[in-house]
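Each of the next two complexes has subunit A plus one other chain: subunit B in the first, subunit C in the second.
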Partner chain A sequence: MGITIEDLSFSYDGNQVLYNINLTVKYGETVGIVGVSGGGKSTLLKLVSGLYEVQNGKILVMDAQNSIERRKNVAMVMQNAALFPAGIRDNITCGHKMDEADILRACEAAQLTEWIATLPDGLDTFVGERGGKVSGGQAQRIAIARAIAKNTPVILLDEPTSSLDNDTSAAVITALEELTKGKTVLHVSHRPDALTGCDRVLRLEGGRMYAS
Partner chain B sequence: MLREMRKILKITNDGWRFAVLILLRSPVNIAMILVNAIFLQQAFNAISKSNSCHLINACIIFGVASLCIFLYNGTVWSVCAAPFVTNMEGRLRVKLYCKISSLSYERIEALPQGEWLTRLNTDVQMPFSESWPHTAIAIVNIGVSSFILWHMNPAVFGWILLFVVPHIVFSQLFIGRAMPGLTKKSLEATARNADELTALITCADVAALYDGQDYFMKRFEKSSLDLLRANMKMRARKALSAGILPLFGLSGYLTLLIVSSGWIADGRFTFGDLTAAFSYRGGVLQGSLMLINCLISIQTSMAGIRRLNETIAEKTEESLYG
Partner chain C sequence: MILLSKLLYERKILALITICASCLTSAVTLWWNSQLSGIINMVSTGVLPSKDMILWTLITMLVMGVTNYAKDYIAGYTCESMTHDLRMGYARHFASLPVAETENLNTGQQLSKLQNEIAGVSSYLNTNLFQLLDDGMRFFSTFIWLLFISPALTLASNLPAFIILVYVFWSSKIIGLATDRSQKAKGQMNQYADILLTLFPIIRLYDATRLTLDGYINAIDIWKNQTILLERTKAWLMSLSGVLSSIPLLFLFLVGGQMTINGVLTIGTLYIFINLSGNVSGVMMNMPGHITAFRQFSANMNRLSPHILLAGKGE
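Presenting the complex of A and B:
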């Protein structure tokens, strides 16, 4: 099984945001979750990814329950890509040793190759402090390349195109298609149209999950 | 140096009070040196002539004068200088903050976040350091002590200069000159270190998800080491300055003692005169050391003062786009 969530509840300082969530995402399945902002979608992804510890209930990702083990099995693309003040290469590899061919393949899949070819320093181009020297679309595609390079069986998407304009998001969507090919995907968004390619779409409202 | 400082005082709009405070503070040390020297001269002369009445008078006058100087100095520092400096720093920080917040986003983003923080937190403290009043004190000390020594015995003054001048030249050549560059590097390293720390916090989720904690920590460690190295270079220069102090100081003291022993034996100089000469020598020597340290400190702080002036002189977004 890709992702299994059983009776999951979560609260921030006594403020309950998720109530008894039950969800099963089969291996290779893409599940979309739609809901308004503040409905608990991002919290759910942070729990699944192992960034937050489970308070009540159980989460299994590729049969791993421990949060550190769960993290090893997931890659996540968020709404605003977090880049750190280093080159494109380091932002993709996060300091791990990686073959040049694998990095280039990740860049190709993330639609970065053409843009990188125009840069004098290529893959070693500095992205600026907080990614200030690259556009929002380029930053997002670097984050996608990072997820592709990690090559995990489970992909989590947290509104990856919502902050981009139509022209930019087309390239990002293509990159996302490459990233999610053959993977177990949990995609959350406040826009139902962003989840059109999903096998199933669920609704998260007031911290409770409903069938859409 | 003075032009940059004048610009800062113009910004804070209180230059005259700064000048008055420096003037009020500058005679304190030389007054203490004079009182001490005159007391020693009078006391030892009274002892050599077995005049106990003169000795008691000298002691009473010395005690009262010392108390007066102590009270005057304490009043100037605690009542006037400390609140003034706090007020000026606060005013400068507000003006700087207003200026930075009115700059275009493009300009703000062009520099590392850490550099803006350094300007707001560290640079604003630099113009009102104690170096400026201490420079004035040192100049007064050197001037008055030299004048008295010259009148007392030009030969003594010559011997003192023989050891003080090389000390100043050495300190300026090997320490003072290097300081602005080293400070600039240290400030740059501080800014980079702050950036790495920010990345460590803002990209904590990326680090956790992509198992990049080690990588982030190594980057932070590297920038911390760069900062350490930059600061170590400055400290090494300062230690060198402190190291040559005993060499010149003690050599000068011993030389003067040997030379003057002959004069005392000839009756051209009294032991009281010699002790007074040592006090004035202290005025020249301490003044020179204070001046060297202050000049180094001012040169060190100039990088920050210059950056403050540059920031204040920057064009705001409104002035750029009408």
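Presenting the complex of A and C:
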């Protein structure tokens, strides 16, 4: 099984955010979750990815329950691509040893190759403080290349195209298709149209999960 | 320095009162020294000072105490008011920004500005600005008065100080550049710390601790090396300046002592020169510190200037 969530409840400082969530995502399945802002979508992804510790209930990602093990099995692309103040290469490898061929493959899949070829320093081009030297679309594709390079069975997407304009998001959507090919995907968005390619779409409202 | 003139303009009446208080204090100090010189001259010739003379001296001492207190109080009040205007101007600037721009602000960088520039400027305003003005006032009034009493001794004891000034200006420029580099490195380090906080989820998800730690350690190392270089440069240049600044006093004793022995100068007048040497060569002795602090203050003010929105009236 890709992702299994059983009787999951979660609260911040006494405020209940998620109530008794149950969800099963089969291996290779893409599940979309739609809901308004503040409905608990991002919190659910942070719990699945192991960034937050489970308080009540159970989460299994590729049969791993421990948050450290869960983190090893997931890659996540967020709304605002957070880049390290380093070169493109380091932003993809995150400082881990990686074959040049794997890095180039990740760049190709993330639609970065043509742009990188135009840069004098290529893969070693500095992206700036907070990615200030690259555009929003380029930053998001670097974040996707990072997720591709991690090569995990589960992909979590937290509104990856919502902060981009239509022209830019086309390249990012192509990159996302490459990233999610053959993977178990949990994709959250406040826009139902962003989840059109999903096998199933659920609704998260007021911390409770409903069939869409 | 446009910002400083704007701040002073906002509090122009207070600034004028402070300048007047400083002038009055300098005048009373010189008057006190003149009376003391007279008493010493009388005592050295075996004549006791009259009761009226002692009474006037006591009144002068009292007036000197009151004017000094008033000067410090008014200067402190003016500086605090200017610091308040500066902080309010910084807050007003942020309040006037569009939301989109506010969202993209780097908290670390802004915090660094608050910690470094604004704190530095406030501290300078409170401890140095009017002290510098006061020193300048004492320097010029004393120098002119000493020239009037004995031009030969004044020039002999203070000319070396002008040569030292050249060294002082050169050394303060070097120190100023090193200070600027150190402050920039500190800003970069704080900015990196803020970026790390923002990137925390990514660091955990992609196990990028080593990558980010290396970058942060690098930023700390740059700041550490710049600060060590600054302190070393300061120590070398300022200790040499301290040695050089004793030369005017040596000249004063050499020339003034000879003049007193030869009967050209009275012991009371020599006393005035020794007592007031701090007002002339002493000010020069403190000049490296003053200039370094002023350069640092000026650099901070220039960096802050685009982020300060003054109300146009004192608040």
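Note that the second predicted complex is superposed on the first by the 212 of 212 C-alpha atoms of A that agree within 3 Å, B and C clash if a C-alpha of one lies under 4 Å from a C-alpha of the other, contacts with A are read in each partner's own complex, and residues count from 1 in each chain.
Throughout what follows, a residue touches a chain if its C-beta (ideal position, glycine included) is under 8 Å from a C-beta of that chain, and two chains touch if they have at least 3 such contacts.
All values reported here derive from a predicted model rather than from experimental measurement.
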{"item": "Combined model on subunit A where subunit B meets subunit C, clash or fit", "value": "clash"}
{"item": "Subunit B versus subunit C as contact partner of A:Phe84, first or second or both or neither", "value": "both"}
{"item": "First (subunit B), second (subunit C), both or neither touched by A:Leu51", "value": "both"}
{"item": "Segment of subunit C intruding into subunit B (one of 25-33, 43-51, 133-141 or 259-267)", "value": "133-141"}
{"item": "Set intersection of subunit A contacts, subunit C complex versus subunit B complex", "value": "46, 49-51, 71, 74-76, 78, 82, 84-86, 90, 94-96, 129-130, 146, 150"}
{"item": "Residue ranges of subunit A in contact with subunit C within the complex", "value": "46, 49-51, 71, 74-76, 78, 82, 84-86, 90, 94-96, 129-130, 146, 150"}
{"item": "In the complex with subunit A, residue positions of subunit C that touch it", "value": "106, 191-192, 195, 198-199, 201-202, 204-208, 210-212, 214-215"}
{"item": "Residue numbers on subunit A that touch subunit B, as the complex places them", "value": "46, 49-51, 71-72, 74-76, 78, 82-86, 90, 94-96, 128-130, 132, 146, 150"}
{"item": "Subunit A-touching residues of subunit B, taken from the complex the two chains share", "value": "109, 112-113, 195-196, 198-199, 202-203, 205-212, 214-216, 218-219"}
